[in-house]
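The structures considered in this document are given below.
One chain, subunit A, appears in both complexes that follow, with subunit B as partner in the first and subunit C in the second.
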Partner chain A sequence: MMPARMLRLALPIIIALFLLAFPLFASVFFVVQIGIQSLFLGIVALSLVFLAGYGGMVSLAQVALYGAAGYVLAILTITYNQPWYVGVVAGLAGSTLLAVIFALISVRTQGIYFLMITLAEAMFVFYYADQDRIFTNGHTGINGVTPPAVGPLVLADPTTFYYMVLIVAVLTYLGMRYLVRTPFGLALQGIRDNPQRMQSLGFNVPAHRIAAFTLAGFIAGIGGVLGVWYNGAISPGSIDLTRTINVLVIAVLGGLSYFEGAFVGAVFFTLITNFASSFTDRFNTVIGLAFLLVALFFPDGLIGLSRRIIQLTSRTTSGRGKGMAPPAPSSPVSASGDSAPTASGAGAEGK
Partner chain B sequence: MREFIVTTLNGLTLGGLYFLVAAGFTLVFGLMRIVNLAHGSLYLSGAYLGWSIGNATGNWLLAVIGAALCVAAAGLLLQQGLLRRIQGQDLREALVTIGVSIVVADLLLAFYGGQNYEIAAPDIISGGTYLGIAGLTYPTIRLLTLGIALLVGIALWFLLRHTRLGMIIRAGIDDRAMVSAAGINVQLVFAIVFALGALLAGLAGVIGATNLSVQPGDDSLYLLYSLTVVIIGGMGSVGGAAIGALLVGLVQQYGLAYIPTYSVLITFAMMILVLAIRPQGIAGRRA
Partner chain C sequence: MKHSNTRIVRQVDWFRSLMLFMGMIALLTACGGGAPTSGGGLNTGSNGSSANEIKIGVLATFTGAFAVDGQDALRGVKMAVAEFGGKIGNKKIVLVTESSDATPAVARDAARKLIEQDNVDILVGPLSGDEGLAVRDYAKTKPNKVFLNGSSGAQDTTLRNPAPNFYRFSTDGTQWMAGLGDYVYQTQGYKRVAVLAEDYSFPYSQVGGFMTEFCRDGGHVVKKFWVPIGTTDYSSVVSSMPTNIDAIYVALGGSDSINFLKQYVQFGGKAKIIGGTVTVDQTVLSTKGTLYQHVLGVASSGPIADNNPDPAWQKFVQQYKSMFPDGFPSPSLFAHAYYVNAKAALLGLQKVNGDLSNGEAKLKQVLSTLQFDTPTGPVRLDHNRNAIANIFVTVVDKKPDGTLYNKLVKVVTNVNQTLGIPEDQYLKMGPFSRDNPSCP
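Entry: the complex of A and B
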């Protein structure tokens, strides 16, 4: 077998073993600060990668949807003393419902217009949470949310919580990978590449977009539930512009068209924030610069970069042909805005 | 009645300020299709720079002009140094401006800290002006803000309608490729328009910090206002920005006066309403 192919077969197994064994050898700091945080941020970024990479919709509303689920969970369990499962179900329902509303508003636009409108939507959620005193408790937010104990499983325990988040992350990742191969997923990719043609073929383009955005809202909501349990609190500061952009940073760092990229980006992001903050207060500058570097020079992100390296090495070791990694899908970021069908299509409405 | 007049005046003033911020945003977007998400950072830089210059020299006019020019230079640097390399790739351009906004916000926080600053206005404009209606005295600085917004609006209208540069800009908004095919140096026009957009953001920063105050987080606030104003008014249209800014300013002030907790939701509802009826915005054109 070619080395590159062997690597591609062995890599998932190595990663799986590493993730399972992680709490056994890593310190609590690593499990909690890096492990858990990367996983739930990765889930939120996953919803963005799904929308951006497979639906051609770069949404900046994912953190707001994350916050919607988190706020509903926190309000129900803390303010109204409901059991945790009521909070979780209502939280997920809340983020999904808000996603439907957001989708109805923004789905008729595309590309850069879509980004602008979802950003405005996200900021409105933030300023609402900041202003409202009755439900969201204004600037302070809601504190004291604790992960529940389900039978013998005490989720407040870091290791148990890690495994729970890991299972949820793996399930959403696999679910997403499955979904993009279903007829719905294929139609969505068709719409990403050429909405007019799909429309002429009889596909209901807005309905597909709304469905995708709703699903992504649900997934962002899962991240929100886990995030609130992790932080023990939610406040406007958890969904402000910086956090909104952070998820975009994560997705772009990893590579906007790869589901794996969401988690790779999240690991890099948490590592950078944690270690940069230990030697400088200006870790946001470090993140911003890293993001700038990726956006300017590696639009396919870290995964795209590593695939290109694997491609190159496999080409040099095995000549040409079989040993090559599959061609990388084109990144929505590297696509030229003017020549891509997205900009000349319905998205040009706002001209 | 008195309260209503004051609220209306406040709304108009705020609308004027929003127009100053959003005009540059929409101009850059209209011509270059760049969604400059660092526009809020340019506003914030202008506000802080204005405070520093005002504090050092004690001259308000110098603060206004100096800060606006510095921010224009910074904008030019951003466009020539970073954005020109990836010209025409609208999503990447937006991402790069996001990166810049993260860095700028963090560096400004490092330099100026978390507290509020207010730029001191000179004596002539720091008092109130008797209006003669319902015995009202209204802060002169706010009237001045309205006047500056009006002046900038007229200047932009004149620039776009009655100068050669404006003619090129309008042609560029309609069809960039044709303009450059006609032998016009589009790169130069891009640079001028981007610098002009940044200049307006910087100017708005100083005016805003004199009227209200400036603090970290204002960059995202004014970015949101710019976005809302151009989404409502129609992306790329300066006239639309004026209508949008007035609407947002007035609705916000009435909301704040009569239903304080949910004024944000009212602005949001207005945006949804406009998008539902006219997805291209009030003055936007369909492709």
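Entry: the complex of A and C
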């Protein structure tokens, strides 16, 4: 068979094996700071990819919703000494509920206005957390949150925590993949591409958008629960503007149109933030440059780039004529196949 | 039709432009963030300490609002290392730096990177209050490594729930206030004051330290105003400021302090000012204009005094100036705190001859009883591994050439963490917060 097809079949298995075996050969630092951090940031970015890539809603409120879940969990378990499962359920309910409210405020806007309104919502949560005394404890935030022990599973153990986060990440990823193929997901993509037409076909556009935003709030909340366990604390610094933009950067780096991109972007981002500082004081410049390069030349992000490389290699190895046979997964423009796809070909796709 | 082929995202033009714009912004802010480091070449990519080197991790803020302070902190560490010729015995001292942005989560990640990935033997840092609490908690999970504070001044880092392997040879934010309450009550004659401070752990420590003395002397703090960091408009504070007060104790930093002082003068405020440790530091004093007359005579206190005549301090300043011509005119308290902690680490290493075996047990033992002379006088540790050292009360004065500086008026020697109050009584007072202590 075609090498490309074989690669496409084998790749998920290789990645799955790698992720499962990761704690066996990697140091604790890599498991915790790269592995776990990438996974929960990836989950938050996943919620943004879903909204932006499939709903056409570029939301800056995802980190605020992540923070809402984290704060509710931390407040209930630390301030009010509730058991962890109460905190988790209430945290997820809190972020979901807040997402409904945010959605009601913002879904009737589009484009730059939607972006600005969700940014305002995010800043509202940030300033509330920074100035409230009664619940969020102001600038200092809430410290001393520990992952629970569930029966024999001690989640405070890095390896156990890694596997737990991995399972949750895989489940949310598969859930999202499934969801966008359901009638709801397809309608959402229709709304993304042409809301007027979907409206005239009888779809309730705002209701679909609210539902999507709410669901994304729930997913971001999952990331928030994992994040607060990972950090052991939550403070306004965890949900400030920098963190808000970081998640957008992650999603764009990975590729706004692919769920895998959320995680690839998160790994890439985590690696850069951790290791670029070993070589230069100006590691933010490195992130900025990487971001510029991706935004300029690879609008589909790192996933889009790798897909194109796979296509290219399959074409050169199996000859021009047969190269058309494997279904091009993402790019109908280059799948027409009469000329070798180039980087500029991707740019044309969007116009 | 295959559904998997429907995921084509329409690239909206405005969004792409926005991305590019944001990338530009990221680049610009990144370029503006860090002052250039001198010396350089201290970062290392290699993993694991080899037999003939000792790695010291330096955790400070090289990005964000405190980037300039972080750079000065690193200068302090470099001065300490230079004093030992970069060597302990035949082992080379290697510095590995890691940056935080003054948020606790980032500080802890950076500490973990230094300890677990760069395999540093000793960590010095962090810089600001809430970061210290986060790193202290992390230190508890790494009992085989030695952690020394940077300039972080939150009192509870060592007073409540301390980590057995976390040492603070610099003093904390409450200690920095030693002598100030007495001075303004007895010498300047202020009996009734209002408090204006930023709303987080470091100012809590400062206000608590000030009020401990001031209230004990019989003074009254009639009202407290807590504002978020970065507040620019103080009109509501100024308009609701009580009129029957002698002075306002102001614990604000950097631009917050300048904004408040300017607005207070513009609104015609008459009360005198008392400063927290960073309220009238050099960055504030170097601003010109109407502020000038108003800050003359403002008392404050802290771990250093710019014009300290002590030869040890003068030598330290000269050393700083010759090593870092591009640094501040005089070392900041950040340089001082990191210097003192790094020097403690190096003295400890010297005494154990670089022996870090058995979970650095020998070094821990030596550090807990270590006493030495710093540029600001002798330092030793209490049973919580927190410094007992000198604190300096200063008053803003004018040099013959017209520039403002903090003139040393009083040295309070051997200040301990509970300001001389027996520890059990002190702990009964509870942690300092918005409402504690209180003497209306």
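Throughout what follows, the second predicted complex is superposed on the first by the 317 of 351 C-alpha atoms of A that agree within 3 Å, B and C clash if a C-alpha of one lies under 4 Å from a C-alpha of the other, contacts with A are read in each partner's own complex, and residues count from 1 in each chain.
Keep this in mind: a contact is a pair of C-beta atoms (placed from the backbone, for glycine too) under 8 Å apart; a residue touches a chain by one contact, two chains touch by 3 or more.
Because the structure is predicted, anything quoted here is derived from the model rather than measured.
Touched residues of subunit A, counted separately for subunit B and subunit C, are more numerous for C. Once chain A of one complex is fitted onto chain A of the other, the partner contacts of A:124 are limited to subunit B, with no touch recorded for subunit C.
In the superposed pair of complexes, A:150 makes contact with neither subunit B nor subunit C.
Of the two partner chains, neither subunit B nor subunit C is touched by A:207. Contacts of A:86 after superposition: neither subunit B nor subunit C is touched.
Applying the stated contact rule after C-alpha superposition, one finds that A:288 touches each of subunit B and subunit C. Residue contacts after overlaying the shared chain place A:113 against subunit B, while subunit C stays out of touching range.
Touch criterion met: A:296 reaches subunit B and subunit C at once.
Touch criterion not met for A:6: it reaches neither subunit B nor subunit C.
Once the two complexes are laid over each other on the shared chain, residue contacts for A:133 go to subunit B and to subunit C alike. When the two complexes are laid over each other on chain A, subunit A has residues 58, 111-112, 115, 127, 131, 133, 240, 242, 245, 248-249, 252, 281-282, 284-285, 287-289, 291-292, 295-296, 299, 332, 349-351 in contact with both subunit B and subunit C. For subunit A in complex with subunit C, the touching residues are 27-30, 32-33, 37, 52-54, 56, 58, 111-112, 115, 127, 130-131, 133, 138-141, 143-144, 180-181, 186, 189, 192-193, 231-233, 235, 237-238, 240, 242, 245, 248-249, 252, 256-258, 274, 277-279, 281-285, 287-289, 291-292, 295-296, 299-300, 327, 329-332, 349-351. By the touch criterion stated above, subunit A contacts subunit B in their complex at residues 58, 105, 108-109, 111-113, 115-117, 119-121, 123-124, 127-128, 131-134, 240-242, 245, 248-249, 252, 281-282, 284-285, 287-289, 291-292, 295-296, 299, 332-338, 343, 348-351. Subunit B makes touch with subunit A in their complex at residues 33, 35, 37, 82, 85-86, 88-96, 98-103, 105-107, 110, 217, 219-220, 223-224, 227-228, 230-231, 234-236, 261-265, 267-268, 271-272, 275-276, 279-281, 284-287. Those residues of subunit C whose C-beta lies close enough to touch subunit A in the complex are 2-12, 14-16, 18-20, 22-24, 26-27, 29-31, 33-34, 37, 43-45, 62-63, 96-99, 101-106, 108-109, 112-113, 116-118, 130, 133-134, 137, 199-201, 228-229, 434.
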